[in-house]
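Consider the two complexes below, in which chain A is the common component and chain B and chain C are the respective partners.
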Partner chain A sequence: MALAAVVAAIALPFLGFAPNRLLSGRPVPLWNAVQGLGGAVALLPGLVLLATPFLRPTRFGLGLTVAAGGLLTAGLVWLAGAQAAALAQGVSAAARTSFASGFWVMAAAGLLAAVDAARRLGLGAVGRLTVGAAIAGLVALQLVSGHLDALSILKEYANRRDVFADAVLRHAVLVASALIPTLLVGIPLGVAAHRVQAVGRAVFPILNVVQTVPSIALFGLLMAPLAALGAMLPGSGISGVGPLPAVIALTLYSLLPIVRNTAVGLDGVPAPVREAARGMGLTPRQIFLRVDLPLALPVFLSGLRITVVQAVGLAAVAALIGAGGLGAIMFQGLFANALDLVLLGAVPVILLAVAADALLSIGIAAATHRIGVLPGRSAP
Partner chain B sequence: MTVAGMAPREFLTDRLMLGLVALVALVLGMPSLKPLFATLYPGLDRPLYEAESFVRLTLDHMALVGVSSLAAILLGGGAGIAVTRPWGREFRGLLETVATMGQTFPPVAVLALAVPVMGFGSEPALIALTLYALLPVVENTVAGLDGVPAPVLDSARGLGMGPAEVLFRVELPLAAPVILAGVRTAVIINVGTAAIASTVGAKTLGLPIIVGLNGSNQAYVIQGALIVAALAVVIDAGFDRLAGWLTRWSQR
Partner chain C sequence: MIEFERVTKRFGSWTAVDAVSFTVAEGEFRVLIGPSGSGKSTVLRMINRLIPADEGAIRIDGEDIASLKPEELRRRMGYVIQSVGLFPHWTVERNIATVPGLLGWPRARIRDRVTELLELLNLDPRRYRSAYPHQLSGGQQQRVGVARALAAEPRILLMDEPFSALDPITRASLQTELSAIHRRTGTTVVFVTHDMDEALRLGDSIAVMDHGRLIQCASPLDILTRPASPLVRDLVGREEWGLKRLAVETVGDRARRQESTTGEPLAAETPLHRALSEMVARGTERLPVVDGDGRPAGVLHLSDLVRPDAGGTA
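Moving on to the complex of A and B:
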């Protein structure tokens, strides 16, 4: 009961005092956006959400909170779309309706409530991802159906449909092309650092310093030598700007988590397990592939998760040196003071990072589960 | 161990001291490198960024990082302490979830989103940097306070210490190394993000880089990048030193 009261204390100011408006040059309050039965229905989950803290924290109550939080978020998006369409009638096509702080605060509150309740329910990585995918699906459905087309961010999207698709692809290609050399170099280096201490002592300080240098500075510092190299080798396509310095910098940043986690993961394999494998007559190669690798996999995958999430963000900065990608849209918006363009660039970057994080979390959960089932049974 | 007490050899191989000397030399001596940049880039009309002095930019950069980090330490440390008290336990899961999820958001994207929400300028950059720096501080404060062994707390209470005394004389000193690690992560990220904050209208060391990139002036880019890189390395080495002191102090 005390618990319910405290949760209410967080929940109430979150929603009660939020500035409920949708801004479009002049602010549009929430109550103006709620028109007719549809609008009221869209906000119904919000009322449920306000009531849930007073319910007993049973599985049902928590499940209800998850559903209400998710539906509230989707409902708010729907309302915004409906209101934008209503406002767009009878005005010029250049009119813009954007999300404002009230929307962000309420949507964040809805999502947080859902996430928190999902955590209390004890949902695993897969369960949480299902909830996330369901909420994303509800919003995606509105996107596809064209319900949100009158919102400014989608008007920007409609104006540069081709550019946007290219940017997303380019962004993913940048991250992937940094990941390949990282894995090719990083995994052997990690194995070497695990086996020979001197390698670790030599490699980690260097990688740590690289990780410390701000991305924009590293991009800048790579420019000059690459430009000089390009001038020396005309026709080689080497240049100080564009994707090449971006991929090099991204690879340098990505190495630390991969090398470190490969080494730490292998260090964590208990010696008795290796002994036992040797006693069973496994060759060193078999021990590495069948004992070391699966046991070190969860730690390695969390390194990969850090790397990919970090690379998605760094690739956005790389747009400053002409590498393209979603960052290019974002910075174009910042330099031209086109705020909807900033959103069109920044929001997908965040979504990409969150999606990569979620997918790799599932991988980590699966890898942990596997070793938990196999050797865990024989462990004391 | 003071600077004065250091042997000359020790001083020369010390990463922090070397970095500091290099940083100060770069910031103060950049104008005297003008002939060098003029020789390297003969095609440039203005081989040295002179719109603002590098001293001014460095100080502004450090102020932005310092203020945002300080705010993050106070707010994040406070929140971390609050959720580890009996009365704040309810909020703990939520705070941890937010801290973990928030850190998957790329700092650049958070910075860019500050503009549609708050507009251009130093203040939105300051708020974005503070928000982002909060996350590692909160995470490590909670982890650090959590790591204080229960028997230690029990014996402190057995000695008749009140809750505040236990917090300030037992828990915080023992958790300090872990909290410091979070602060270090936050500050290093902020040094880099503050440089990018030049794109949202804050005057920092990123300005010569951005101006140079937009105007194809590679000399500007190198000048800004060298100083930012040196600043980050020096701050990191400083935290290294601080962590060493703290470990020795808490083991005493």
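Moving on to the complex of A and C:
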């Protein structure tokens, strides 16, 4: 991997420069981007990273790798910003400087090295989140300071400032509106599937089939009946396109992990624990609230994690049926052949998914650590 | 006092408990024993209404348990099961405090009670109070299980094969501790087991069950010397019958009080099979006996162990 990064640094273009976004760019190699002392300092973590595989894997060595990987990523972003600003001098505002393959390969190598070392260091969920937040913070600092404004992705952002904020909000609202009915229906359904076998036998095949339907097909399938319903009830606001079919489809996809993990979590509560609770005089309600729920919580939360991450991604596709959100920006970019516009939509989607995943991981770790490993069930 | 009056329980067409009547006196240690499927566990679980009776009446201190709310009834009794069933997400302290908490005891009283129980069951409160169940060994978990059952000072303790899953050494020490606790607190105990040695060792009286019926209910000595049926005889077993016979009587029962001799004395409550073992180990036929206060209480002779009037045949 280190070798690939070195080859990328030398052979692949670091950035692309084009007089406007319709023309394909002229490659800018890394050594053109490194100018003066600042550029050299930004790449220093990369040299450290190249040396770390030869160090013994002590805690210090691993910590160094984490720091170097993170700093390299942030440094590359800084270099790109500086170079873009330099290139932008004396040309029209329509000029575009975008990340090219060399940047992506090196940044990915830096991040992977950091993530891998953090894992080998045995960092817990909170530790890993801290590292991630530190790297994100270094990049965010450059964003806020305006250092990156000359990069094309931010020029696209500047052009769509209002639309962007609205799209992020809309995306989050889409996910949340799907999540609420999912939880309201999914949790009772999961409890029922745990208590009555027949419910599980009826529900799971249906949800499994829904899960295998491609998202675009499901959106399409929902359009016809909802459009018909809208025609029957004029003024109800129901229509075949827009947020409603998107929320329904997202809910259908989200149900399986929630229902399944609720049921599996409850199934995993050891029978003797319930027997003892009953024998000591806990009421059925007390057994559910004090024993079943806390013991099923870690498995339930990992279902919620799958659901949220999946819904954030699927909500992007929902833009195709006019539901808006970050997907709208992505598709606009795709149809206009503007790669940076696609990135402007895709990067926040990834960040949203990663952030949701990280937060729920902390929740799962907190819910699990006291229980230890339950008999008959591996820790999730 | 627990009374069963012609109690029957059917599961479908199978009669698990068939018109069983018996009484367990206040403070008695009653063992229920029998082959698997004999109905002994069902009887136990009917006492706290985990299983409802189909026919007949079960009374506790004269009160029909069908007239009580099941949860209230269960909170008045301790309940220990073979697989322990500690709450894995609660500390040892919170596990033990379950029933006192349900009964609304003040916090300080619960805390003191937890300390007292941990000490009673030989678990260092400082070390184990805040531990989680998965950090304990099997024996320690069952100690906590027993402590949890005793927490609210119940007058009745129900135990369903509580020590069957433990290794022999841990089982023996928990049996000793349970006997001591029973003697000290005077709690009525109903104890289910399939192990006759355990039954002979712990019980004031032993009820033998088979096919849902009560075959014999008698003292350990009578179970050994006057088995009511071939099944009871089989449960006792012919192997080492003599040692089992000796184990249900103590040195004090057979010692010659007027005599005295020299040597390391035995306590009067030592079971007779231990005395025999001691004689073999020391190569002597006479052992001095002392009472609970350490005063000389006579001499036990080897011939006393095989005295025909106190013996009997299997």
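Throughout what follows, the second predicted complex is superposed on the first by the 346 of 380 C-alpha atoms of A that agree within 3 Å, B and C clash if a C-alpha of one lies under 4 Å from a C-alpha of the other, contacts with A are read in each partner's own complex, and residues count from 1 in each chain.
Note that a contact is a pair of C-beta atoms (placed from the backbone, for glycine too) under 8 Å apart; a residue touches a chain by one contact, two chains touch by 3 or more.
On a predicted model such as this, the values are computed, not experimentally measured, just so you know.
**Student:** Just checking: does A:138 make contact with chain B only, chain C only, both, or neither of them? Give me first, second, both or neither.
**Tutor:** neither
**Student:** Under the stated touch criterion, name the partner, chain B or chain C, that contacts more residues in chain A.
**Tutor:** It is B that touches the greater number of chain A residues.
**Student:** Contact-wise, after the overlay, does A:317 reach chain B, chain C, both or neither (first, second, both, neither)?
**Tutor:** first
**Student:** Look at A:272 in the shared chain and tell me whether it touches chain B only, chain C only, both, or neither; answer first, second, both or neither.
**Tutor:** A:272: touches chain C, not chain B.
**Student:** Does the superposition put A:342 against chain B (first), chain C (second), both, or neither?
**Tutor:** A:342 sits against chain B, while chain C stays out of touch.
**Student:** Going by the contact rule set out at the top, does A:281 touch chain B (first), chain C (second), both, or neither?
**Tutor:** A:281 sits against chain C, while chain B stays out of touch.
**Student:** Once chain A of both complexes is superposed, is A:362 in touch with chain B (first), chain C (second), both, or neither?
**Tutor:** Neither chain B nor chain C is touched by A:362.
**Student:** For chain A, which residues belong to both interfaces, chain B and chain C?
**Tutor:** none
**Student:** What residues of chain A sit close enough to touch chain C in their complex?
**Tutor:** Those in contact with chain C are residues 270, 272-283, 286, 290-291, 294-295, 370-374.
**Student:** Which residues of chain C touch chain A once you look at their complex with the stated criterion?
**Tutor:** So the residues of chain C in touch with chain A come to 48, 50, 70-75, 79, 81, 83-89, 98-99, 102, 132-135, 145, 148-149, 158.
**Student:** Please name which positions on chain B make contact with chain A in the complex.
**Tutor:** 90-91, 93-94, 97-98, 101, 104-109, 112-113, 115-117, 120, 188, 191-193, 195-196, 199-200, 206, 209-210, 212-214, 218, 221-222, 224-226, 228-229, 232-233, 236
**Student:** What residues of chain A sit close enough to touch chain B in their complex?
**Tutor:** Contacts found on chain A: 3, 6-7, 10, 98, 101, 104, 112, 115-116, 119-120, 208-209, 212-221, 223-224, 227, 240, 309-310, 312-314, 316-317, 320-321, 327, 330-331, 333-335, 337, 339-340, 342-343, 345-347, 349-350, 353-354, 357.
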